[in-house]
Amino acid sequence: MTLDLLRLLLTIALTGAGLVFYVAGTLGLLRFPDTFSRLHALTKADNLGLGLLALGLAFQAPGWAEVAKLALIWLLALLAAGTVAQLVARAALGRGAR
Amino acid sequence: MTPLIALLALPLAGALMAVAVPHRGARIAGVVVVASAGALIMLVAQWGIPHAAPGGWGAPLGIMLEADGLALAFMAMVLAVMAGVCATAAPMRELPTPFWPLALLAWAALNAIFVSRDLFNLYVGLELLTLAAVALVATGGDKALAAALRYLIFALTGSILYLAGVVLVYSAHGVLDVSLLAATLPAPTDRVAMGLMTAGLLIKTALFPFHVWLPPAHAAAPAPASAMLSALVPKASFVILLRLWFEAMPDAADDRLLTALAVLGALAVGHGGIMALRQTRLKQIIAYSTVAQIGYLFLVFPLAGGDGAAQPWAAGAWTGAVFQALSHGLAKAAMFLCAGLWIIAVGSDRLEDLRGLARGLPMTAMAFALAAITLMGLPPSGGFTAKYLMMTTAFASGQVVWALVLAGGGLLAAAYLYRPMGALFAREIPAFTPVPRYLQAVPLVLALLAVGMGVLSDGLYAFLQLGRPGTAEEGL
Amino acid sequence: MAVFDLALCTLILLAALAAVAGPGLFRAVVFFVVYGVLIALAWVRLGAPDVALAEAAIGAGLTGVLLLGAVGRLSRAGADEPLTSRIDWPVALAAGLVGAMLVWAVLSLAPGPGLAPAVAEILPQTGVENPVTAVLLNLRAWDTLLESVVLLAALIGLWPLARGGAWQAAAGPVHHALPDGVLAGFGRLLPPVALLVGVYLVWAGAYQPGGAFQGGTVLAAAGVLCVMAGLVRAPGMAAPLWRLALVAGPGLFLALGVAGMAFGGFLLFPTALAKGMILAIEMVLTLSIAVTLALMVLGPPEGGGAQ
Amino acid sequence: MTVYAVTGALLVALGLYGLIAARGLLRRVVAFNVVGSGVFLMFGALGWYEGHTDPVPQALIITGIVVALSASALAVGLVVAHARVSGGQVLEDDAP
């Protein structure tokens, strides 16, 4: 019982923290002046936010297989976000953005 | 394999093979034509209503397929037209290779629609037909792109409205099968469902005022594709309309609604005829003629539907409309194939360029004249039988106004078809590239079939009654 | 949870509004993708994870990629979207009327179990445990066979649009990617993972959400990425093997359907063999779907890298 | 779950407006997809009963999603080819 409660609290805390990072990243996307700082805000904050969400949800997973799936999702999202950020930055450079 | 399944599987298999072996497209289509003819003869010889339940489940869990007289007659018409299309298209080098798989896919979709008893399966069939038909227009090259796009937008609007109606039908009744639906109690949402499905199908059938996509699309496509598009494609959605209004939900028919459909049909007859009079290119005349000829089909709704469905004359009007759809298909295919051959011969379809061509290509001129007789509704053609049957009902049921539409439409057809005929039979000796005789014979055979429908109307009339909804059966 | 549903529906409507009537074509397409993801979320709420997967992968993902690609090609062709300033009131009235009728119909329909109990009853005879897969590949296999052909028809429909009529050339535009760039690295890393996920989705479809169309989409995405990264050349229809890959799935489906007539009917899968037959169809169908979708996304040949 | 069905109905109206009234061709393709998903959402939400959705609509919706994608792919191809030829993404009103 206490273990379940502890897991629930951890989940709430971690997902809550993840959401804060998401909000921060979105604010940065909206408020920052140019493409590169926006990318910076978005990728950094969202990658961390997603990691926290995944970690928080892992405490609710019924088995290790689900934990592995969550980890895989996070890794794939990291990889995709990193690649896309690079490509967007390069495209922006190519078009003469600062 | 039963002949019914063969009729569905053959064009599908042919299309797949034509993708795998593209340079053999024409030959594959030829094999499909011959094999389908065999299967069709076996089915007609049974003189019954063969049916199939793919997967063995049957409705409501599975899909039911049924080849009643209506479905078989349309499949036979499609087969005849496709045979003609394949014969004329085979030697045409300028047709892009994808024409063959697309034509076979359209054929497969048509057969699938004619035999399907399931409203959602009909949707999938309609979409297959639409995509293949739009792509066939696009085989006309850069000049056909705008027409293809307009056609696609109209067709997609139509199919999504139809699908919305199907959703309401399933949500209210829990079944999609036409026969099972007829046995369910009416639901209050049925009117909305029928309205949406009908509106969608009207757009697809190109009934006035939803016809604006048809003339440019049918005129821009290569002639063999135009023949398929004008003769066959609008018939699929019309057959679904017949299934809905006469089989699935005959009780939803409201007299005002049925009259509204026929009024649109009458307007189509007038508008299509007048527009056809004003065109200078043959393919555009034929395309506008399709708009007018589709109009006649919609007179069936007040003549044979609603309160009149139980009357003894209803069978005549219903069968007359089917005769009209079938004979128009054969005649219109003949006309477009003639136009295609004349374009090969003189490089244009402008009326002034066709002057005197009857001397050079007499068989095609003969074919065009016979097809014109059918479209005007003169005896002894299939078009005459169609109009005779519908007029008899109009007088018997006291709806004389529709008889006037039929008569007036015939006069208009005579007027707009006189111009190309006058040009063809002008006393001039044109310069032209010769066309092989066997190619000239193709439209002639189709036109003769259209006329023959009238000569042999007794047998066809009896055949069409197989599985016909309604109570009364009246001979000619 | 009612608050959540209401909020989600509001977001869906707002995203749709931005996609249909918002300013800027690129923005509209981005909002359309967001809209698709939100719709997928709605499907999860409605207890329909199979549809959620299909919507996310196909409705939002692939359609979004197609539309984004078109935005790029249109701006390169100098074809800007015309500015629409005012509302077309007659059309708005007609659309509003349809909407009002639908809302009325939706509100007057009483919920019911539909065919769910009937499907559950015969599920053991279908050879699969996921009822949605049972409906798709057994009960209504004729629909699904035709649907796989619809997909093929759309692809063939793109061929007449190839530049210069060279429909057998390599699909799509020429792709320039740095051989050691990020995209190339991503392209090397992702395909094995995508292969795993794609095959898993098909395999799992028999007893849990997933299936040939969802799996095929994942594989197609990996393939398109490989082409964009310059790792492999875009397939061209001059190669018989690619053409065979396109028709293998529907072809096997049709062939096994006709073979079913030996057991008593078209598309009839006897219970003992159903699982194997359905899985065989799904696996080959996945391959065909993947190739078809990848070729669709790459677009008709634009004259680069002709073989 | 009626709220989802009503949302679907509203999406149909919104999308229909765009499909018919928009002039930009690609925008009309987007609108077509909105109508499609609206119809599907209606279908699924109406099939929802006691926590589950009827599997038959689910299967039909998946079929519908694939059909809509096919139509979109052909439409996008035509829009791009038309733009290449005409230099625009509007249909001239050549219809009488």
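Order as written gives the chain letters A, B, C and D; numbering starts at 1 within each chain.
Note that in this section a residue touches a chain if its C-beta (ideal position, glycine included) is under 8 Å from a C-beta of that chain, and two chains touch if they have at least 3 such contacts.
Quick caveat: nothing in here was measured; it's all calculated off a predicted structure.
The chain pair with the larger count of C-beta pairs in contact, out of B-D and B-C, is B-C.
Farthest from subunit D in terms of Cα centroid separation is A. Between subunit A and subunit C the centroid-to-centroid distance comes to 27 Å (mean Cα coordinates, whole Å).
With centres taken as mean Cα positions, subunit C sits 31 Å from subunit B. Subunit C and subunit D have CA centres that are 13 Å apart. Contact of a single residue of subunit C with at least two other chains is seen at positions 98, 102, 105, 109, 112, 114-115, 119, 139-140, 143, 147, 150, 153-154, 157, 161. In subunit B, the residues that reach two or more other chains under the touch definition are 61, 120, 124, 127, 131, 134-135, 138, 145, 164, 170-171. By the touch rule above, subunit C contacts subunit D in their complex via residues 2, 5-6, 9, 12-13, 16-17, 19-21, 25, 28-29, 32, 35-36, 39, 42-43, 45-48, 50-51, 54-55, 58-59, 62-63, 66-67, 69-71, 73-74, 77-82, 84, 87-88, 91-92, 94-96, 98-100, 102-103, 105-107, 109, 111-116, 119, 131-132, 134-136, 139-140, 143-144, 147, 150-151, 153-155, 157-158, 161, 163, 211, 213, 296, 299-300. By the touch criterion stated above, subunit C contacts subunit B in their complex at residues 98, 101-102, 104-105, 108-109, 112, 114-115, 118-119, 122, 138-143, 146-147, 149-150, 152-154, 156-157, 159-161, 165, 167-168, 237, 240, 243-244, 246-247, 250-251, 254, 257-258, 261, 264-269.
If you check the complex, the residues on subunit B that touch subunit D are 61, 120, 123-124, 127, 130-131, 134-135, 138, 142, 145-146, 148-150, 152-153, 156-157, 160, 163-164, 167, 170-171, 212-213, 215-216, 275.
Taken in their complex, subunit B has these residues touching subunit C: 1-2, 5, 9, 12-13, 15-17, 19-20, 22, 52-57, 60-63, 65, 96-98, 101-102, 105, 108-109, 112, 120-121, 124-125, 127-128, 131-132, 134-135, 138-139, 141, 145, 161, 164, 168, 170-172, 174, 187-189, 192-193, 195-196.
By the touch criterion given at the top, residues 76, 79-80, 82-83, 86-87 of subunit A touch subunit C in their complex.
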